[in-house]
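Labels run A, B, C and D following the written order; every chain starts at residue 1.
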């Protein structure tokens, strides 16, 4: 199980979420927790929107906790939208091209989960990728192909629908191959304007996903908490696991649901796999 | 242009060919030569047959010249058949899974060259790989897919024929895509018994390939050379570039030719691309 | 807290101890255990005696669990004496030169523990290293300087005495600097003939250390266990943490004790820090 | 021989100097040149002043030419003062802690050259480092110790004088050890306000160093050159080797000289080793 984090709001240093909280993403990469039998030490990535239209990407195949470049960078830049990911490999090699976020044009994508029986489904998944996108696939993970399938199935026009068609396609491939519960996922997708996140699995166990309460409410709940002071009113964090224990801070996203986070707040949607177009 | 080296003979330490000669493979990875505008610093690999039926593999994405593990290992093991490769990437990422030799079962494969327009041909090449081998492709190079295509086209039964069909397939794909000269290659293949090597390119410029003269002749030519003393009579080295300047030591392999090196000596064959089965 | 393992006996593949047991060293590098809040994912090393007088070394700064080279190598070589180590960094950088075992001539050294306040003691420790050995220090860990201090204080002539003087020196430096409990250690040292191991700490909490019972006794205890069948009678394993749960297999080494493991069996000694010569 | 580059002026993307010129620093890391027998492929570093008082650092032990993170980063950030370095190791390990620029507080340091007989001088050099700085030395290069010696000898108060005392100290150590020509160096030092650079060697051969002509003159010389258009009038580049061939663009710095580059232009000074205080 990987861990990931997305932020939308006024510009902050990624350090504030990656390193500073009690159970920061970097702590989550290393320190044992009840639902974490193995570390998320198989590489990491940070994708952020800064001075350009396209996001910048920083990937490394080393564990995040010991990486000096990430520590430097995440205290030096500021960004109003970024995605970070720490990886626990589920069979594919530990290398930069297998690190999330995956990027294509203006888009970034992160995934926590797996495709069961990926070895048997990989070829059919790759064949379904739009031919002109095929050579842009850089690594060998199930996650990256999920991204390219969603791009193939219309993600740029309707991100949630593109993801639902990808999920539907994986479900049907899995069914044809006799794989009982092929898909386990929480995913985050962004174009630099909005952050889309979905939580879904074929079976009853679904990886967790949370988003933070609005900052105004938090300030009322915790008037003494200085860390909420400089966050903008619309700032939101989406996480696979809470960064701190603070009642009222985290809203769980239901299994089979998606959210869209933007300047106007958080919109909730059902997430239902559907056949690809 | 990469550089590679294969050895067949009585067991020696790979160090004797990788480090000791004036223009050793490791020197070839780093030190400028007239036909080497950029270094072969994008990773390396050593595959050798030792205590098991299957070969052992050591890969690293770092430059060979600074790697302490390679230096240790190549002075500690001894092998009667090994392949070594230093890489100059031609567009695909610098990572271990893109390092030669590529291995599958008892087989090892190395390549020096490229497929022109690989970005446009990659999908069709991947689709032609035998479906049950598809998920064994670990990296993203043209070289690895060439290996899997040759495996698909019968390499285990007839290595040279498998390579010829692979070359024919690449030529026909290239022609269909309007690529004038799609293939540039010297390749080395082995099952631990024999070393097969071929030299071919679509156009008039073909990467070089040499094999060493038989040791008896060398001893007569250079009675004072101690380094030939402990090599067995049947020992042979195949190299993309000579390791030392010594008249009579290296036989050039003609473009459009292949050799088979085994206990019985060196057999020469034509190498002519042919349609895949 | 790092983890390490030493083996003395008839030649075996390191794989048999590094990968095969339920709680193998590689599993110990990754999978949570009650006394392991963070993984041992900051590099690893394997040192073994093979075809030469001096040991061979393989180091990597990547986590051991995902390293394909280690998996290949440890199934290909066989050795009658080897030391392996998985690292959890305690402040110094994650890099190959900080990975154990450290080697000097015929000697190898591994350490599990730390020197408290090493930042303040490092200079005095380095100054005490024999001047002609100073430039052989390759990394920046407390562990490596401990090894060089022991070498300075006579380790090659009397390994346990050299280690005791090193411990005494660190204790006295710590006392002078007002550090209450400066030293925490289990160490393993070998010259390729015998394996020396010691367990000591300044305070009451001391990292664990075990050695395996003699194989004859184990065969009587577990006549059905095939894994004991091919081990030689004198084979012994020294570990910082048991590799499997099997009553009677592991003897704890007392705090303030050392052992010497050789062809003649296991000798136990007190370990008492003493002033350096 | 390493290569390095410093920039002072209005904020630009490092990419403009690292990647865009015909003979950019990244090209210098890889492509053969008459005075470059081996590549500068043993790691690299970028240090820049951005949103904070202290510089940000990005280091990697991989060759610069294949590093995707450097390409991303150098096109995403903008800085009015940065130092970049590509390394050719001269004996010490290839690892991030041996990559330039070295940083301490507000200061950055890069070096091209070597100390002859460093193995024999290393201990005395380390002993001369101010004791409270000793534990901040992270790597094992001669270059880093040169930086710490200069810091010890007053660099923060008078950078050129600090460097001259460091050079004098190395000369005297070398003389005592019977090393004929111990020091070869061009160095760059900055506090984020000014860039100090010096060129010196014990013997007659001295590594080259250049700084760029003022932009106004260049605009008159090359009115059609668009690349000069957006550089600010005071912008200057200091390089170990020219980035493009353009008559009038590069001023050589004489051996035994130093320059100070700031908002007010370029000041030239003699550089004469002197005894440390």
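One rule holds in what follows: contacts are C-beta pairs under 8 Å (C-beta built on N, C-alpha and C of every residue); 3 or more make two chains touch, one makes a residue touch a chain.
No experiment lies behind these values; they were computed from the predicted model shown.
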Check every other chain and keep only those touching both subunit B and subunit D; list them. A, C
Same or different contact residues where subunit B meets its copy subunit A, judged by the half mark: same
Go ahead and note the Å separation of the Cα centroids belonging to subunit A and subunit D. 40
At least two partner chains per residue is the criterion; list those residues in subunit C. 68, 93, 96
Which residues of subunit B touch subunit C in the complex? 50-52, 56-60, 68-69, 72-73, 75-78, 96
Contact footprint of subunit D on subunit C as seen in their complex: 93, 95-97, 119-120, 122-123, 126-127, 131, 134-135, 137-140
Sort out for me which residues of subunit C touch subunit A in the complex. 30-32, 36-39, 41-42, 61-63, 65-66, 68, 89, 93-94
